[in-house]
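Order of writing sets the labels: A, B, C, D, E and F. Residues in every chain begin at 1.
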Amino acid sequence: MGLTHFDDNGKAIMVDVSEKKETMREAIACGTITVNEEVYEAIENGTMKKGDVLGVATTAGIMGAKRTFELIPMCHVLPLSGCKIWYEKDPKNRTIYAFCKVKVTGQTGVEMEALTGVSIALLTIYDMCKALDKAMVIGDTFLCTKSGGKSGDIRNMKGHEKAFALLERTLGE
Amino acid sequence: MGLTHFDDNGKAIMVDVSEKKETMREAIACGTITVNEEVYEAIENGTMKKGDVLGVATTAGIMGAKRTFELIPMCHVLPLSGCKIWYEKDPKNRTIYAFCKVKVTGQTGVEMEALTGVSIALLTIYDMCKALDKAMVIGDTFLCTKSGGKSGDIRNMKGHEKAFALLERTLGE
Amino acid sequence: MGLTHFDDNGKAIMVDVSEKKETMREAIACGTITVNEEVYEAIENGTMKKGDVLGVATTAGIMGAKRTFELIPMCHVLPLSGCKIWYEKDPKNRTIYAFCKVKVTGQTGVEMEALTGVSIALLTIYDMCKALDKAMVIGDTFLCTKSGGKSGDIRNMKGHEKAFALLERTLGE
Amino acid sequence: MGLTHFDDNGKAIMVDVSEKKETMREAIACGTITVNEEVYEAIENGTMKKGDVLGVATTAGIMGAKRTFELIPMCHVLPLSGCKIWYEKDPKNRTIYAFCKVKVTGQTGVEMEALTGVSIALLTIYDMCKALDKAMVIGDTFLCTKSGGKSGDIRNMKGHEKAFALLERTLGE
Amino acid sequence: MGLTHFDDNGKAIMVDVSEKKETMREAIACGTITVNEEVYEAIENGTMKKGDVLGVATTAGIMGAKRTFELIPMCHVLPLSGCKIWYEKDPKNRTIYAFCKVKVTGQTGVEMEALTGVSIALLTIYDMCKALDKAMVIGDTFLCTKSGGKSGDIRNMKGHEKAFALLERTLGE
Amino acid sequence: MGLTHFDDNGKAIMVDVSEKKETMREAIACGTITVNEEVYEAIENGTMKKGDVLGVATTAGIMGAKRTFELIPMCHVLPLSGCKIWYEKDPKNRTIYAFCKVKVTGQTGVEMEALTGVSIALLTIYDMCKALDKAMVIGDTFLCTKSGGKSGDIRNMKGHEKAFALLERTLGE
């Protein structure tokens, strides 16, 4: 077994999934951005009153998730059946957690769409706040959970306990 | 002073840069991906013999950097004059460092293009290796250096000493 | 009941349609552009002899309809099974009526695709004629008919009797 | 004189602007959407508390304006120097007025960018509200003002007095 | 019978395929580029050691194949289930043969996707080598084989014996 | 000297053109498609009466030329100042010659834009006629002329005498 995105001669390919079963698949990804106090407050205020940084980032993230196949060379064109982006905040560390959940009924999974949605949302936050903070850091971006594919359900909690606590708070709502 | 991407009523805008001076601007961004041993070796081998994960990621990252204006809502259309992506490896931690340097002669900076280039390259690595590792993590993505704009030169070394050591090794070549 | 493109917390989402039934759906949209005499004649002549304004607008409109999911943030990626754009003319008012019919077999409707197709076609007419008329007006753009979805068949004739007369003339052909 | 988007043989062309002077150009376009009471209230509430329809539409409109060259066949690629979208409301008629102002320093005007920005914003409002109103109408979309080009300043107030009154209210702020 | 991309009035349409059967379809296209000795050697060396022209071209070709629906006006949006690009070389004539195989389960064929994949790959080779050869020629691009549609299997060997010999060498591996 | 799209380590880069002089540049490319009698007549008739294959192909080609930077990985974003596509016919061989002329004032040439414009136009002709001819061939695509860059004027007439005769007929008009 090896890298499925290469054929036996080591050439990059878009994997043939035509024999795979069409199932309902779901993936949730998470990523963070850590900002200075000025930005953290601007985002907080924005969300509540005006200057809605997270609103713009959500729109950009959903649009980005839909365009994953244009951005990531070997990703399949997938007619996503749903996409949702939301945020949790860790005020102590001035960190925003962005989550993206994607669903599809198809022959291949949507982890890349969820990860791309998170990345574009975080980059958008960065862009909108960079006048106030030149040293923001986009932190760990990873796949939280995945279900519906051949490789079984995945749950990457190890090392990401905090993100999972926030995730469960949302999902439990 | 506040978030420049919002007007006085808190509405998101694409900032008017028509009065800003056209200067040569440059930005370098960095990000990482940490993988398991099997993937790390596959990438190493790929680069040397076949299955060139990093080659595909470079192409995707450069193409992504050029399309930043389509992905990040308030970014300007910028005719980049150059873009380069390269990698450094930390075998002990099985971490790949991706760097993206972007140049433009224009009225606004290219930090978003450099960050987007890095993000798309890292997502591409993720995509091509995800069959072998379900728990990869895309780590700190940040702006290393920036020059040429009104806000002066930026150098975000603090907290990123390792990335800077690798960056200087490349630039010093 | 409320705006389906927002979740219970008021966050914008791409609606989850994974449980909806896949049916054959169709939508027809209509819009107009009113121009001065010089342009009206140029379009008339163009269609007959050379300088085919409406031909270019049709191509642009069909291409735009296919890209609706890239333009309208919460629209789903839909593999349209057919798209057609055509025009009817009202010489007395120097008004061009553009119609766009879209079909899909899917879990969500195609009214946005039909409306986007009409809008891009009309904007293209505007672009190609703007040297001759600085005061053109793109008039009422609306959904004429829709069929195949859960909400039943729709027929928005009220207030649009003229457009419907022209539409029926075409469909009756 | 005739349609500049066609050559002497009537073939569509992208006009050669290489000899035109590079000047600062600006255009403002306007369009409307008229909705039922339920939607009008949802939009009002959304803007104030949650479910921000107009915020999503603004983001989509700005992104659409930047991509005008991809959508309108004969439009030039223009590195817009600024883009702003805003709304005025006419509660009596349950009509939303969308305005888009675009600036560029270039060899050709930005009226198409302003009109495209308005159209995509209005289509986005339509999309987000269509569950509550199947009969919305996107009304007159037109160029309000234009400045900076060879053809002199344009001001299309005739027949659009209401839109101009709202426009001046905003610009006078 | 006539051109299916036009309706009875001669207007261009995106053909309605909603009544066609969904079957597994495959197409292979081929095209060539002939270069001077310096470039031929650079490509040979690149593939083996560094400066991987064909690797970049493969990535571009696969990405181009996925975007066929955006580029070719009347093509349907197709969720390709697989795409592969590879090369064969004719050293005597300094000619590179590019092949692209595309698969889909759908209502319409993928010959345009295969042809577009080949064209974009060849254009990419041209771009990367044009500093060394100002007179390269992209030669015959054609559909080699097609299967799975209503019109039966196609095999265009006549006049393309050399390409077919190379194709069979690969497929026979 | 070597492949400029690779750095000294053989990594693909988007060449830094920031030090190059901004000059007016122009390129003309040519390509052909050879079709059977039925298609040749359909195209002839289409151009004259209805079913305008070449009109759709022109629109697609111009749009494709503008998007070259999205398709060819190492191409720069170029704000083309003009683009024109036209055709000449060789009835004896049932061959259509497509020409694309592109102009820009910039730091790098537009041969790739001209070649991409030609390729997309030819692929569009193929798409629109493929119901009538399963064995069309897109023939030699090459750069005819180029001017305005550092490498001096280029004129690739050798081996392309026929195309040049047709080209001069057009330019001499």
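One rule holds in what follows: a residue touches a chain if its C-beta (ideal position, glycine included) is under 8 Å from a C-beta of that chain, and two chains touch if they have at least 3 such contacts.
Treat the numbers as computed from the prediction; the structure is a model and nothing was measured.
Engineer: Looking at the contacts, which chains touch chain B and chain E alike?
Structural biologist: A, F
Engineer: Give the label of the chain whose average Cα location is farthest from that of chain A.
Structural biologist: F
Engineer: So which chain is farthest from chain C, going by the mean of the CA atoms in each chain?
Structural biologist: Most distant chain from chain C: B.
Engineer: Centroid from C-alpha atoms only, then distance chain A to chain C, rounded to Å. What do you get?
Structural biologist: Those two chain centres are 33 Å apart.
Engineer: Can you work out the whole-Å distance between the CA centroids of chain C and chain D?
Structural biologist: It comes to 17 Å between the two C-alpha centres.
Engineer: Which chain E residues touch at least two other chains?
Structural biologist: Where chain E meets two or more other chains at a single residue, that happens at 9, 11-12, 52, 55-56, 59-60, 63, 67, 73-74, 77-79.
Engineer: Draw the chains as dots and join the ones that touch; what shape do you get: line, ring, star, complete or other?
Structural biologist: Graph shape, chains as nodes and touching pairs as edges: none of the named types, so other.
Engineer: Could you run through all the chain pairs that touch each other?
Structural biologist: A-B, A-C, A-D, A-E, B-D, B-E, B-F, C-D, C-E, C-F, D-F, E-F
Engineer: Can you check the complex and tell me which residues of chain E touch chain B?
Structural biologist: 52, 55-56, 59-60, 63
Engineer: Could you please specify the touching residues of chain D with respect to chain C in the complex?
Structural biologist: Residues 1-6, 9-12, 31, 42, 46, 49-53, 56, 59-60, 63-64, 67, 71-75, 111-112, 115-116, 119-120, 123-124, 126-132, 134-143, 146, 151, 154, 156, 158-159 of chain D touch chain C in their complex.
Engineer: Touching residues of chain F toward chain D in the complex: what are they?
Structural biologist: By the definition above, chain F touches chain D via 24, 55, 58-59, 62-63, 66-67, 77-86, 103-105.
Engineer: In their complex, what parts of chain F are in touch with chain B?
Structural biologist: Touching chain B: residues 7, 9, 11-18, 69-70, 73-74, 76-79, 106-107 of chain F.
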